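Take a look at the structure set out below.
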Amino acid sequence: MTPILLIEQVLNGLQSGITLFLMAAGLTLIFGVMGLINLAHGSLYMVGAFAAAAVAGWTGSFVLALGAALAAAAAAGMIIEMVVIRRLYDRDHLDQVLATFALILIFSEGTRWVFGSFPLYLDVPAALSGPVTLPGGILYPSYRLLIIVIGLLIALGLFQLIARTRIGIQIRAGESDREMIAALGVDISRLYTIVFALGAALAGLAGALVGAIQSVQVGMGEPVLILAFVVIVIGGIGSIKGALVGALLVGLTDTLGGVLLPLLFGLFMDPSSATTIGSALASMSIYILMALVLLFRPTGLYGGA
Amino acid sequence: DGHGGKLKVGMITTLSGGGAGLGIDVRDGFLLAAKGSDMLDIVIEDDQQKPDIAVQLADKMIQSEKVDVLTGIIWSNLAMAVVPSATAQGKFYLSPNAGPSALAGQGCSPLYFNVAWQNDAFYEAGGLWANDNDIEKVFLMAPNYPAGIDGMTGFKRTFEGEIVNEVYTKLGQTDYAAEIAQIRASDADTVYFFLPGGMGISFMKQWAGSGVDKNVMGPAFSFDQGILGAIGEAALGVKNTAHWAKDLDVPGNAEFVQAFQDEYGRLPSLYAAQGYDTALLLMSAMGKADVNDQDAFQAALKEADFQSVRGDFAFADNHHPIQDIYMREVVKEGDVVTNKIIGVAASDHSDVYGAECKM
Amino acid sequence: MRRETILNTLLYLAMPVAAALALALDEPFLITLITRAAIFALAAVGLNLALGLGGLVSLGHAAFFGIGGYAMGILAHHAQTYTPVIDSWIVLEGTKSMPVIWLVAIVSSALAALAIGALSLRTSGVYFIMITLAFGQMFYYFAISWPAYGGEDGLSIYVRNDFPGLNTLDPMQFFALVFAILSAVLWWMGRLARAPFGLALSAARQNAERVETVGLGPFRLRLVAFVISGAVTGLAGALFADLNRFVSPTMFSWQMSGEFIVFIVLGGVGRLFGPVAGAMLFVLLEHLLSPVSDFWLIYVGAILLLVVLFARGGLIGSLAGREVAHG
Amino acid sequence: MAEPMLHVDGLQKAFGALQATDGVTLTLMPGEIHALIGPNGAGKSTLIKQIAGGLAPDAGRIWFDGREVTALGTPARARAGLGRTFQISSLAMEATVLQNAVLGAMGRAGSAWRFLRPVMRDAELVEQAQAALQRVGLTDHAATRTAELSHGQRRLLEVAVALTLQPKAFVMDEPMAGLGASGSKRMTSFLDGLRREAPILLVEHDMDAVFALADRISVLVYGKIIATGTADDIRADPQVRTAYLGEEDAA
Amino acid sequence: MSLLELEGVQASYGPSQALFGVDLDVAEGELVALMGRNGMGKSSTIKVISRLLKHKSGSVRLDGRDIAALPPHKAARAGLGLVPEGRRCFAKLTVRENLIAAARSGHWDMARVCALFPRLEERQTQLAASLSGGEQQMLAIGRALMTNPRLLMLDEATEGLAPVVRQEIWAAVRTLKSQTGLGLLVVDKSLAELRQIADRAVILERGKSVWRGDMATLDRGIADKFLGV
């Protein structure tokens, strides 16, 4: 493999990490900050993608589509927070898992009901559809560069929100002891509704951005949900920084594992079994990464005790 | 028989979840053919794309519904779970999709008829077409699971040029940046891939954005009508092999396409065509023999005395199709991105496993 | 008698009574359906030891279910093709004998649980949920891409395995076998929850520090619970494979693990019969609702949601009152 | 002179820049109550944690009952006979009061590895547990869920669980905290009698209790023991007065 | 008019009743001691006032307004400050964050709280979870003061504090009372201290207020009978 190709693959790994971060950010916000396991986060991602596809279909505008994704996912988030999630904060993780699992069923089949069983069309805007040439002669899709930029901006904004603002402090206080923060005069329910909607909106945005280069279909949220969980567990729950680092690690491992492992096994095996075994191991690689991280740091890289 | 002169058909297919589109097409095609006929009594159940549910439903169909014939399964792994035990219990099974090699070779059964294709067929035809069309260096890509590996093996079986590289991705992968970079860096002139469902959509969209300029080929599964709608213009120019296309000029096909559109308001897919043919086959046999006389009914099915929307259709000794396989190209007709036949890739194609089939 | 005891007895009797009815009505498929519920119940009863009593929310129990399934699949596959399982300095033949298969399933899933548990139990809470999920996924991807035993296509076993003196292909006899195993395990789990081990384990869930200061090691308590739990789920896996005469990687999928948790929460966490009630209800819902519409899963979702939100303590909890959860 | 029951030698523990335990050496002799007092944040609980095994010291050694236990974990030290109570109640909240006590008795019996016989029908364990509850006055609440106890009642249960272990020595972190005036008085006389069964290392801010009970008092400030002596010595120590007592005990 | 007034309050935890009729009132600038043996309902009373526990009969009025329907945060904003039993500091927040999380502007701010408890100043960036017991207690008081309440409720606020600090806190309470017109409801086990500082006292026995009166009239006999001193 040439060095240029390797650099390109590293870039790809970073980019796929950032894509994951978009999803993981909202999840870690809800999951870390409110102590809620939200399996339905993938459904919000799907809602965003479908809203974007529908609006892009009607209007032809990608910007409007992104706006629709944000709005639809935030609205969906707000509604499920007020109707369902709100009753789950002081329940244990199990009830949360079951209730949000049920939400997945409702969302998936509901979406299929409205939009049919076939994948929808959503494409990147024409202005961003081609590649740009990076230093070193690397051709890189410009849309992916945009995703990187948006991802980094969101990381920064969230970090500020949680670590620095008073709202962030109140949210975290509520996670430690909801009853107490209420007894001190903070309306934590309203705060949580807002945060949940924000997390949902991020998922929706991720769904729309990613949906333009992937497939917009029912069930699209589930694989990425699991990956996002892996990311925030590696990074440490509740830590935006952890989510970013975790996402990059997972992106790199996944991308480079798929590329390098078959090559590695090819050094001492016949090519066809090297491909099979290498790829088999590559598909397990992020889980191996996660297990390793947790063995040495049982609360993730940036997780508090 | 016990169903008042009717034949009772149990259809187990995928009607919920992400893979529902295929099952719905098979079902709708089948029902379209059966419409207006009172010969069939059809029970339909959703397998959720889970093998254990499919097995359970097959038991239900056989034990409680007492069906005569089973059909409907979309996925190879579900077929592997259901077919051997269904035929062991003396039920006919007509496959409207999926043809795992085990059921074409050693595991074949007199009661099992494949009305779609043996899994390798489209790939073998793809290899043959490449030989005749100046394709020399091919980059292969498929998910790392049996259907993917079998497919690539099928292509390699007939292709005579050079395989530059083979990449097996994770099943369900959605980001192909790394693979595209590898393809770009390789000196292949053509990418040949099999990525079912959403995987193929993702790959094609990302491929279009990457600016890499190479031929793209694959089996029809990644370029079927339901999928083309989601890929859009990014798929234009892709060559894909199939036994059917909506513009195929054989008797009955245009009528089928029209009737399907009238009935369901969308273009039929090849799965719909397979479902349609399956019902036609079944009804053709009913006119000739009683399902309770297994040998006679089996012989009647084997005759394949129906007008397939694919044109000539016959069964080989292992009850798998002998049929033409065409090369299609993705084109734009008006506003619709769709497939157009550009030639025959393999004529009277049948699979290589028949030799192992003893029945 | 306490209401929960009455309810448990009813639940317990419901299965054989329904099976007998199905036999009388000549609906063998219903017996199969009940058997399926009983096997799911067994798997979830296994998980419930770790999850309900020990507070170890494992989202990777499908790993043990799958290992049990493949223990059956591999042994029977070799027996039906007359090839040895291992053929090097030691030769190991396949088998079609259920007791032997069960033993292999129990031992191999217990060993896997020992390894996974020893690593995973270093973490806790959500991290534990996720690391068990990760191990489950490793098995899943391995099984999908490992070609020797069919990869994603799985393995078909044409005839059900043998149990001395029974015709296992007869639905009623196979059900009786499964029901006997379920009964034995339930009996043991009921005892276990009240035995010293159960008290210590449940105390370790509530307050590990407390357990340490009275001289007991929470890690070892949990590990033993996890191993027993994995072994029971593994046994259920072997039975499930035999029920379907088929194994495939879906037995390893995270949705499978998720479903076990659904059974438990649906029925009532930490209650002996919770998983039984949950599995029965879920299988029943699946059976009744799937013909209703193409979008029947919406109804399943809605019902699950209503149960979690408004029937705290699950089915049993809301029917029997909240007196005693957690044994 | 008798062997000390507990001997801590040169213990060090730092949290980052903070030296929470700074070369602490102390002994607990059979039959005595040794009180450990000191300002908030002086490192008393940190010291107790290291003695009980929940926290590994950076340096120093610990002997218990004639055997070095520095390398042992909490359960092993408990089995060796070290009974402990926590500053903030640490109990199995879902279990009943009696079950908590039985758990202690089980620990003493040394085994949880029994998988069949119901533990609450084990007459011997239950008897030991009941006896301990009776001694702290919780018999009436034996069947109550622990979560339903008031704060003070939980403090009593802490002590009861430690009793069921029948330990060779106690380390108690503020057992009086949260007990009302009457409760404190009862606890004081109770501990007074308890020292004959096993010596007690007692951390407490309730000076009435400390002065009434302690055979020896050590004063910990910033991780260091600045004085050890009898109640009168300590009361008179000017350093202790300013660092800890204030003008209170002048009253 | 009283700042706070409870009349015949009854409350339960699920099926088990804890309060059987509590009468109590606190005027502005007044310090009322709430006393009773362990488990008699002191904390439950405080919880009812803070709306963390709903009462099922009787009335709770703040400034003459019935607060039964208010959620906890609204009651708090109406002027209730709580230092709960067991401290309940936000473990994963730093000292500083604990203090500002619910702060409302007024007399009490960072500077004043830090002046009251210099230890907190030193530990501003440390996580609350790693504070010593006493430090956590200081933090809990500081946190409640930062909300600038009109009625401050201290539930065992001197528990676990060193004598010097306890004296400091009593001194601080005395200052609060004299300077700011704050109403104070104090649960504490130290009768000696309360005698010096409380205006009035209420004694609970099995969830009922069995004695109310001026602190001065609380004689040995009563103390002996209800508090076991």
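Letters A, B, C, D and E mark the chains in the order given here, with residues in each chain numbered from 1 onward.
Following the convention adopted for this analysis, contacts are C-beta pairs under 8 Å (C-beta built on N, C-alpha and C of every residue); 3 or more make two chains touch, one makes a residue touch a chain.
Computed from a predicted structure; not experimentally measured.
Engineer: Listed by label, which chains are in contact with subunit A and with subunit D?
Structural biologist: Chains that touch both subunit A and subunit D, as defined above, are C, E.
Engineer: Approximately how many whole Å separate the CA-defined centres of subunit C and subunit E?
Structural biologist: Whole-Å distance between the two chain centres: 51.
Engineer: Any idea how many Å lie between the Cα centroids of subunit B and subunit D?
Structural biologist: 74
Engineer: Measuring centre to centre with CA averages, how many angstrom lie between subunit B and subunit C?
Structural biologist: One centre to the other, that is 36 Å.
Engineer: Per the centroid of Cα atoms for each chain, what is the distance between subunit C and subunit D, given in Å?
Structural biologist: So the centroids are 44 Å from each other.
Engineer: Give me the residues of subunit E that touch two or more other chains.
Structural biologist: Within subunit E, no residue contacts more than one other chain.
Engineer: Using the touch definition from the top, which residues of subunit B touch two or more other chains?
Structural biologist: 16-17, 20, 24, 144, 149, 168, 170-171
Engineer: Going by the touch definition at the top, which pairs of chains touch each other?
Structural biologist: Pairs of chains that touch one another: A-B, A-C, A-E, B-C, C-D, D-E.
Engineer: Taking the complex as given, what residues does subunit C use to touch subunit B?
Structural biologist: The touching residues are 27-30, 32-33, 36, 141, 144-145, 147, 150-154, 156, 158, 171, 240, 244-246, 248, 250-251, 286, 290-291, 294-297.
Engineer: For subunit C, which residues are in contact with subunit A within the complex?
Structural biologist: 51, 57, 59, 119-120, 122-127, 129-131, 133-135, 137-138, 141-142, 144-147, 254, 258, 261-262, 264-266, 269, 295-298, 300-305, 308-309
Engineer: Using the touch rule from the top, collect the residues of subunit E that touch subunit A in their complex.
Structural biologist: Listed in rising order, the residues of subunit E that touch subunit A are 50-52, 71-74, 76-77, 80-82, 84, 88, 90-93, 97-98, 100-102, 104, 127, 129, 143-144, 147.
Engineer: In their shared complex, at which residues does subunit B touch subunit A?
Structural biologist: Result: residues 16-18, 20-21, 24, 144, 149, 166-172, 174-175, 177-179, 181-182, 184-185, 197-199, 201-202, 205-206, 208-211, 226-227, 229-234 of subunit B touch subunit A.
Engineer: State the interface residues of subunit A toward subunit C in the complex, per the touch definition above.
Structural biologist: 31, 37, 84, 87-88, 92-95, 97-99, 101-106, 108-110, 112-113, 226, 229-230, 233, 237, 276, 279-280, 283-284, 287-288, 290-291, 294-295, 298-300, 303
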